[in-house]
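Could you have a look at this structure, given as C-alpha cells, before my questions?
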C-alpha cells in the first residue's frame, strides 16, 4: 500500500492531500555540492501552478515552496531535500457533495474500494494538485542534468494538432502562449477551442510531446528497467494519462522493418548518428545518444459542469454536475509535469548507469 | 546496472543470453501450498517457443523447463522458485559477422556503448529469447490468479485490423490460428500478409490487445505505483514494444469529457458497474472492478534480409543483411509475453494491496 | 547516496539537519482507517526529547510535531503521512569551530570525505536529533501494533547492570526514573554515575535491552530478510550503536548445543512454547511466538568536555574540547529510539508476511 | 514473503533447498569486462564445502559450480550472472522422521507456522547449505574488490579464544588449520575441543572476527543504510548467527568517551589516521578509511546427537536425537560465509556511493 516513492537511486517520496495542510516531497539521493535554491524550484512550480491564464482553473495558489533540509548556503548537502508547499486557497465547501457519491471519471469509487475512507476535499490524494510535489522534485533533478535538455509541449488538443517538425523548441517558444504549444497559429486555435469547450461546461484532452537531447548513450538497463519502460511508468503515473509511445509508437506498427530500422552513419562531428529516429532514442532499452522522443496521451478532464448519472455510496442512482474551479484541459500544465517526470527518470538512469550527477 | 529484477513483492529475477548455456528465472514471493508443476510452466513456454508455425522462425527450441527449487511434491514451498531452460539449438556461426558491426534497429550499438562488451551470438541478453524466462515466471503468476482471466491477442498486423468487439476471447479462439488473432477471417489475411512480407525479406509490426477480467477493485497504489503505470512499464520492457495505451488511450484525446466519463450504475448482480469503459478498468491508478483493457504497439522485427547501411565498430560504413532464422512478425509470440507480464503485474499488485494469493 | 528510506512495505523516509528549518518523516504504507493524532506522536516525542531531566542535555526543544498529510478527522487515509518538527532552540554559534576541524568520534571527517561539504551546525544530518523523526514514525507503527508490546530499557550503564529478570517491564516501571532502568536501586546508582561522569567532562555508554511480546509466529522471511537481520540493521542504524545480540547472543557462544536448544512443549493455553528462550524468539529468521529479546550496545557519547587531539581540515594538528549542551550518556533517550526502530521492523514484517495492520 | 534478494545495486538472488535438484544464485549488477571464471567461484566454494576435515560433517558434496549466464570468454558481460550448484550427495532417508516433528533449535516449527508446508529433507531452505549460494555470489563480489582485503577467521570456540592482535592475517595463516584460527596453538586446542564435543554427541559455538582493509573513506550512507547497519544485517542473516559488534562493541559500553574517541592524526604517508580504532572503521555510518573490524557470534549447531524433548506436529510430546552428518561446530565454515557477506555489502556500498567497480 505504499506507492508514493519513485526511483531507485534518485528517490522521491511525495505526500499531501489537495486540501490538507501541505503537500511536498523528499528527494533522497541528490548529490552534494550542487547549487540549489528555493528560486530554482519556484520557477518550475510557477509554470505548473493554477490561475495563470484564461484557460486554466481560476483557483489561485501561490504554491510557494520552502526547503526544509538538505541545502546549506545554496549548496546541496547530499542529504535528503524536503520541500513543502502549503495549501492556502482551500475552498472545501465546494466539495461537500463529493463525499457522498462517486464522480464519474474520478478516483472516488476506487479510493473508497481500496481504503474504505477518502478525503473528499478536492479529490484528496488523487487530485492533480499532488503533481506540484513532482514538479518540485523534477526541478531538483533538472539542476543535476545541466547538459541535457528536456522539453515537453502540447502537440494536440482534441483534433487540433500542430505540424510535425524536427528538433526541440526553446523554453521561450513553449511558454509564448498559455497553451504551451510552440506553433503559434495552432496554439491560438487550441486556446479558442478550449475556451469554447469550457463555455459548454465540457472538457477536452490531447497529446503531449517530449524530446530529450544531450542524453549520452548507455542510459537504461537491459530487460526490465529499460529507459523507455521507466519513462512509460513515469508518464502513466501522471493523473489523466492514458497512453505513451516512443519513437514511431503506434504508427510504427504500420511500417515495414526496412523503413523502420534507423541506419547508423558517422556524423560530421565524429559521433555515431542514425539517419532516422523511429526508435525514439533507445535501442534495447538503452539510450543511443539520439534524441529521446515520446508522446503522452491525456484524457479530457474528468470534472465537467454537465449533469451526469452516477451512484452514491448507498448505491442509489443520483445525478452530479461539477462545480468549483477546474481546468477544462489539463494539457498546458501537464507539459510541465511530463518534463518533471522525465527529469526524474533520466537522473535516476544516470546514477543507475554508475555515472555521477551533475552529468558532465 | 542491475535491471533484471521485476516486481516489489512478487519478485522475478531473470538471467541468460540467447546462446549461452541456459536462460531462466527465480521467482521470490510466490506463496506456499500452491499447486505447481513443470507441466504448468511448459504449457505456457510451448505457446511462446519458436518453430511452431509457418510464420515464425524455423529455429526449433524444445524450451524444456526444469524447476530447481521451491516446489516439493507438486506444491510450492513459499521459497524461491528457480526455473532453468537450457539453450540447445544454437547455431552461433550464423552470428559471426555481428560482433564486428552494429545492426540497424538492434541493441548492438547501445550494448557496446554501455558495457564495452557484448555477446554477439543471437543478440545475447538483448535477444527476444530472454522473454522465455518471463513466460515461465508469468506461468507461475497465472497459477496464483485463478479467478482472474488474462488474455492477449493480435489485434492488428500492419494495417490489417480485426473488428472491434466486447468481452474476452477464449484461449481456444486465440490459439485457433498461428497468428493468435481470434477473428478468423482477419487472422487468415494477417497470415497471408506476413508470409508475403517474409518472402520479400522484410518484417512487419502490429498491435496486441490485452484484457483482464475478474480483477477486484482496489489493486494499484496511488501516485507512482498506479496499476496502469506498472502495466505500462511491464509492457514497454518487452523487446520491440514502442507504445502502450489503456482504455481510450490516444483516441481518447479526441473525445470530450462528457463522452469519456464512464457513468456508474448498479448491475443486476448488485455490483457497481460503468456503462462504458473508456477508463480501461482503472481510476486514479486503482482497479475499478471493470475489465482492464490495454493495447501494446510492436515495431517490425529488426532483423530483415534486405541489405542495409550501417557502421562497423571501427566506424567504417558497411552493409548488412540479416541471415539465419527470424520471425518476420513478432506479434503472435508477443501476445504470450504480454499476458505473462500482465500476470506478473497483477500478482504483484495483489500482494502490494495486502491481499493474499491465490486470490479468492 | 540515498540512505534515508527504511522498510519495504511500511516505508519511512526521514529528512532534516539538526539546525536546519525542520526535521521530519514521511510514512508510506500505513494502512487506512487507523486512529492517529498528533498527540499520539507527541507522546513518544516527549519521551525522546532533550531537556527533560538532570542527566540529559539542557537543550530544551519542544519538539512539537505537525501532521501535514495522510490523516483526516483523526483517521489515517492510507496515503503518505508526513510529520514535521520545526527546529527552534538553535544556538548555532556554539558550533562555529566545528566546521574547521574533525571532532574525534564524530562523523565530521567521514561526511567531508563522502560529500565534500557538511552542515557543521550541531552535526547536521549526523546529529542524534535526526532520531526524533524515527520516533515520530515509530509512534505511527506502534499504533498499528496494538496487540504487540515493545519495551526497551537501560540494562546497564558502564559497568552498572540491573539484575536479570524475565518478562517485560511496564511503561510506568521504565519511566519511573529519568534513566529508564526499571530496577530502581540500579537506576539510582546509574544516575549518580552519569552525574559524576558529566562533572568530569566525560561521557559513558551502556546497553539497551528490548523485549517484544505478543508477536505472532511467522514474521520474518527466510535467508536475507530474517527478522533478526532486520532488527540488527535497524538497531545498528541508530547513532552511537556498536553492537546487537539476540537471545543468547555472544554469551551463547560459550554454551553447548544441548543446553542452548530450546525444547518445545505444549503450554497450558494450548499454544506451542519453549522451556528456555536462548533463541530470543526467532528460529531460522522467523518469529516463533516466544518473546523477542535483544540487546543493543551504545558507545559513550562522542562529545566530551575534555581536551582532545585531532586534525583540522588543512591537516594541521589541533586540540578540541566540546562545548554547548550534550547528553553525557545517550542511553535513557536511546531506549525510546530502539523501541521505535523495533516497531518499524515489526510493522514491516507483518506486511511482508501478508498479514494486515492493525494486527488482530 | 520474498526475502531471498540481497543488496540494492549489487543484487543477489539465491534459491535452493538442501536436498532439491540444485541451489544457486543470480547476481544482477556486477559490472562488465571483469575477469571471471568458474574456477574463481569454485575456489571459494571449496573453502566452504563440507567433508574437508576431521571436524566437519562427513557429507561430501563436490559443490561444483556452473556459470549459466553473464560471462563470455572469461569476461563478465554486465548482465545477470547465474551460478548453479547441483545437489548430489543427498541421503534424504536420514531425514524422514523430521517431517513429523519440530527439532529444537531448528526452523521446522517456524517454517510450518509461516508456510504451512516444509521441505523436511536436510532442513530444506533453512539448511546452512543455502549459504553455498552466498559464497558463490561473494566470490564474484571479491573479484570486484581487488584493492580491498576481507578476512574472517575463528577468534573463539566456546571459551577458547586466540590472543588479540592487530592487523589482518593472511589467507595462508587462516587456512593453515582446519578450524580457520590463525593462531596455531589456539587452533589446535579448538580442534581438540570440537572433537571431544562431537564425541559426546554435542555441539559448540564461537566467535568469528572479520577485518577489512583498503576500504576507502566514504562508503555507507547516512541514517538507515549505514555501513555498519548493512554489515549487521548481512551477518545476522547467516544461519546460527546471534550477534554482531563493530569496533569496541559491547566492551565499549564499559569505556569512557575520553578513552573511546579515536583521535585523528596525520600518517607518515600523508593520509588521515586514528590512533585507536574503537570505532571499527566507521563514523556516522560511513567508512573512515581505517580498518573495518567486526565480530559475529554463532550459537552451537542445533543438530546434536543427544536425546531432546520436543513436540510433533500433532502437539504430542516426543523425543528426538539427531542422526546423519552434521558439523559439531559451524565456525570454521562460517568464516568463509562471513567473508562472502561482507564482500557483498562492500560491493553494494561502493556502487551506492556512486563509485565504480572494480574499485581502483
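When the chains are written out, they are named A, B, C and D in that same order, and each has its own residue count from 1.
Just so we're on the same page, a contact is a pair of C-beta atoms (placed from the backbone, for glycine too) under 8 Å apart; a residue touches a chain by one contact, two chains touch by 3 or more.
What you see is a predicted model, and the numbers here were worked out from it, not measured in a lab.
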**Message:** If I average the CA coordinates per chain, which chain comes out farthest from chain D?
**Reply:** A
**Fill in**
Note: of the two pairs A-D and C-D, more contacts are counted for C-D
**Fill in**
Equivalent interface to B-C (more than half of contact pairs same by residue no.) among A-B, A-D or A-C is A-D
**Fill in**
In whole angstrom, the CA-centroid distance of chain B from chain D equals 39
**Asked** Per the centroid of Cα atoms for each chain, what is the distance between chain A and chain D, given in Å?
**Response** 46
**Request:** Would you mind pulling out the distance in Å between where the CA atoms of chain C average out and where those of chain D do?
**Result:** 26
**Request:** Note the residues in chain C that touch 2 or more other chains, in rising order.
**Result:** 1-5, 9, 14, 31, 79, 114, 125, 222, 351, 354
**Request:** Report the topology of the inter-chain touch graph, choosing from line, ring, star, complete and other.
**Result:** complete
**Complex contact set, residues of chain C against chain B** = 8-9, 31, 79, 222, 351, 354, 356
**Message:** Under the definition above, what is the set of chain B residues touching chain A in their complex?
**Reply:** 1-6, 14, 102, 104-107, 109-111, 113-114, 125-126, 130, 156, 158-159, 197, 201-207, 217-218, 220-226, 228-237, 239, 241-250, 252-258, 260-266, 272, 274, 278-280, 282-289, 295, 297-304, 306, 308-311, 315, 317, 352-354
**Request:** Under the touch definition given earlier, write down the residues of chain C that touch chain A in their complex.
**Result:** 1-5, 9-11, 13-17, 20-24, 26, 28-33, 66-70, 72, 75-82, 84, 114-119, 124-125, 351
